[in-house]
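By letter and in written order, the chains are A, B, C and D; residue numbering begins at 1 in each of them.
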Amino acid sequence: MCRLMAYKGTPIVIDSLLYQPKNSLINQSFNAKEIEEPLNGDGFGIGWYVPEVTNEPVTFVSVNPAWSNRNLRNLAPKIKTECLIAHVRAASVGEVSESNCHPFQYNNILMAHNGGVEEFAKIKRHLRSPLSDELYNWIKGQTDSEHIFALLINHLKANHNAITPETVTDSFEHTFRNIKHLMTKYDIREPAYLNMVFTDGNFMVATRYVSDEKEEPLTLYHSEGSRYVVEDGITRLEAPRDNDQAVLVVSEKLSDDKDWRMIPPNHFVIVEPSLNVRIRPIKD
Amino acid sequence: MCRLMAYKGTPIVIDSLLYQPKNSLINQSFNAKEIEEPLNGDGFGIGWYVPEVTNEPVTFVSVNPAWSNRNLRNLAPKIKTECLIAHVRAASVGEVSESNCHPFQYNNILMAHNGGVEEFAKIKRHLRSPLSDELYNWIKGQTDSEHIFALLINHLKANHNAITPETVTDSFEHTFRNIKHLMTKYDIREPAYLNMVFTDGNFMVATRYVSDEKEEPLTLYHSEGSRYVVEDGITRLEAPRDNDQAVLVVSEKLSDDKDWRMIPPNHFVIVEPSLNVRIRPIKD
Amino acid sequence: MCRLMAYKGTPIVIDSLLYQPKNSLINQSFNAKEIEEPLNGDGFGIGWYVPEVTNEPVTFVSVNPAWSNRNLRNLAPKIKTECLIAHVRAASVGEVSESNCHPFQYNNILMAHNGGVEEFAKIKRHLRSPLSDELYNWIKGQTDSEHIFALLINHLKANHNAITPETVTDSFEHTFRNIKHLMTKYDIREPAYLNMVFTDGNFMVATRYVSDEKEEPLTLYHSEGSRYVVEDGITRLEAPRDNDQAVLVVSEKLSDDKDWRMIPPNHFVIVEPSLNVRIRPIKD
Amino acid sequence: MCRLMAYKGTPIVIDSLLYQPKNSLINQSFNAKEIEEPLNGDGFGIGWYVPEVTNEPVTFVSVNPAWSNRNLRNLAPKIKTECLIAHVRAASVGEVSESNCHPFQYNNILMAHNGGVEEFAKIKRHLRSPLSDELYNWIKGQTDSEHIFALLINHLKANHNAITPETVTDSFEHTFRNIKHLMTKYDIREPAYLNMVFTDGNFMVATRYVSDEKEEPLTLYHSEGSRYVVEDGITRLEAPRDNDQAVLVVSEKLSDDKDWRMIPPNHFVIVEPSLNVRIRPIKD
């Protein structure tokens, strides 16, 4: 079912997000706690921004498990960034291949997903059909996730002139409605779980969503307005100091701190460039 | 542009096809002779039949170059088969991934391709659109090749009750016409090169084809009614002895023998279960 | 800590050993039951014999987890053999690389190990030093396992003219004494766990061993004189029928049958070419 | 035989070193010009320094060919560094595995090699025998290169208190003498080719060396005191502007500029922290 993590804040060495926390994403790759299936060993990916060089993010993905990847272990303590998305995969739809690894990149945008659409094959072609040629051919892999992101970007580009928190949330809502419509039409009865995160490096939008409101969505937490501190092997969220702060959006709590807050069902978290956080319902 | 090889005949240890000939497919993976670009290092695949166990072929593919693959080197001297397709890839359309490796398998059928359709992205969605749901979702990768094979199987299943040399050649012709039609409609002016091989383990059909008759198709040879002998490090095609014979269809001559015959432009080679070989024009 | 499986008997499609049992080795790769750490996702390997082609086994290994390996899933239902060793790895000593995957092959011999020597670096060079040049250079990887097997073969070749159950058990005992001696000398206090299996395709020798007799060795079972049957999705060991029988040596019981017997601590299991099984103490 | 490249100078996006030059290292991975064998497709590696985070370099290696590596293509345009070593491999000694990829890292040191020692197995154990336990166990792979670097570091640590151009050149000379001595003793008659580069991020030492003075060493060039400019797709070495300069040490000229100078046979190139370059004979 995958686990994801997104960070925006004071530049941080990504090692302290990926490896050092007690329940780090690397630990979640083989021993996730807040989901039935503890194993997320079907590849992984990270994407981060280096605004001093370019506004396009770097992505690094692998079909090998995150816990044993030599390159990741080597990169993590030496890469510093103010915006990161990381993902460990448990394959449901789609083979274990680099093309199916999150985060997906579209120009300067990164996107990752935790969840899935059951019987996705039933709606795949219908979901592709409204795409522009460019987005149709942008899809490289087989996952429901990548197709949903293509639909999101397709709507964003066709209906909006700018990429802002408002146009992105609007596009998410349109996309979710679209998927619900297709699921009804092609008789998919299991709910779709769509915890998704979107960033352009400047702001973030994440969703905690399930298509059937009677169900509970997958877990998604955020920590707000804190500093993220690793000291003597212990990871803590501390009160911010001056401009030194960060927002994290994660599938599972990384530590035992009390600052993690569950996002309400079917709500957006919007992290603005200022690191202000807004939470509002998803109107699907 | 890829190189391919297909064998049908007396059971043979595949090492003597893949590694031992002077111009073996493994040599062609780094030093192909009969094509401008000598390098075919973007993955490889082999598929072979074990009729004593099942009528579905085994496929083994890798994104690593064939020349250094430890598993291939280990399997080749120990696998004996009467029907094999092997392929080394030079990526044109599609990333280097297992999903893009040939041969492609559909139930008991194996297929490989050498060539390509320029600007394939222009017609990809139109080529997918007539596919049945099953074949639409059968496609795993991004290559023109896999899409063309899906179209071939789609026609074969929709229009014929049996898989025979006649129904397969009919489906190839229909597919090639279809592609030419789409190329014209979406303004692709470069010719399509379609050297393809199809087998169900019992018979084989191969094509040497270019969509523009004024152009020369890529090379494709066959050797007919011979035995394939490796003796003292020299690979020879010999006169058949009793029932001991074989047909090879190859992108490049494997040896300096005179028994290799170039297939005429835009012709089929049909290898029947009896190993009889027929050559006839492709009516596109 | 790894999990292993060895089969000798009536030719069997390896799918029915690797995938179909309720607690198959593939399941053990992500959810092992009889060991603290359930995950064995650091690569895998299989080796099997095809006596009709050669007396050297085929080995196929991968650094990817067994559960998602496309080639393994493809090979398993189509390969039939009378002698197989399979192994899923949880890396302790040595990186995740093909060179560190079991089974190890030396000419016509296959060997796999479950267990480990703590602080192996302390004795590595001393363990290498008595090796012949040939065996010194035979070692490709970093594992304690491969080094111990080199020592075993070194003793076997230097002191015996033939490879028989007797000379192999003698060499195991010599090797284990050697390791205990080095551990004492270089102050390794944690016990060494050495569940190992050796075959030349004709007979098998396996050990269930811990260097400190006060400790319990890792689990190792065998099933003796049974037939291995997969019917309606249920895997059973049945009473042999005529010559149709098999012996399995496994880290964990593959099914709920009662025919699995734990091998006594510090004992050999010797499976003779006739499939007779002998169990006797290891004199270290 | 491999190709290598080392850069020290004004921070540069590594894309402009790896991909953009006419004869870039990526081009050399499939079409090297100044060596008999044009193919260097057996894995690759890059190592670079990020002094603002740590004095240990980042290394990123892969067993896949450099030309098709998605992660490398993604990292290169977004990583900026003032010190880089890159290497594309043509396997001679040692399998294609991550452990055999250059550059090798020891703490804050990076090292890469182009060349080889014939019949290396003859001296491998003798070369390992003087190593400290730490360096004995530091060796992860099978290459002559990694063993020679272990010997170099072993001498450096045992005989010197500091890592400076002087102590490094002294250690190279000692190591080369050592290898020549072992080659004579164990009857290796083919010359050893040892073009090697060593850096700690502050200074660099490179060697152009062959053990038999009657032979010609492999090519090795440097460009000195220039700026490295990519403009309109053309890569040029220009006269330095203020402090804006760089030194490159490369197996092959990257461009048609006249500023590339062949290093004399059996000479060191020493690039000081100031980017001053000294060339002096290797006394072996």
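The working rule: a residue touches a chain if its C-beta (ideal position, glycine included) is under 8 Å from a C-beta of that chain, and two chains touch if they have at least 3 such contacts.
The structure presented is a predicted model; accordingly, all values stated were derived computationally and were not measured.
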Chain D against chain C, contact positions shared by both copies (same if over half, else different): same
For chain B placed onto chain C, the superposition rotation in degrees, Cα atoms, nearest 5: 180
Chain pair, A-D or A-C, that carries the greater number of C-beta contacts: A-D
Chain centre separation in whole Å, for chain C relative to chain A (CA means): 41
Shared-contact residues (touching 2 or more other chains) in chain B: 70, 95, 98
Residues of chain C that touch chain D when the two form their complex: 95, 97-99, 121-122, 124-125, 128, 133, 136-137, 140, 142
Residue ranges of chain C in contact with chain A within the complex: 30, 39, 41-42, 63-65, 67-68, 70, 91, 95-96
List of chain D residues in touch with chain A within their complex: 13, 50, 52-54, 56-62, 70-71, 74-75, 77-80, 98
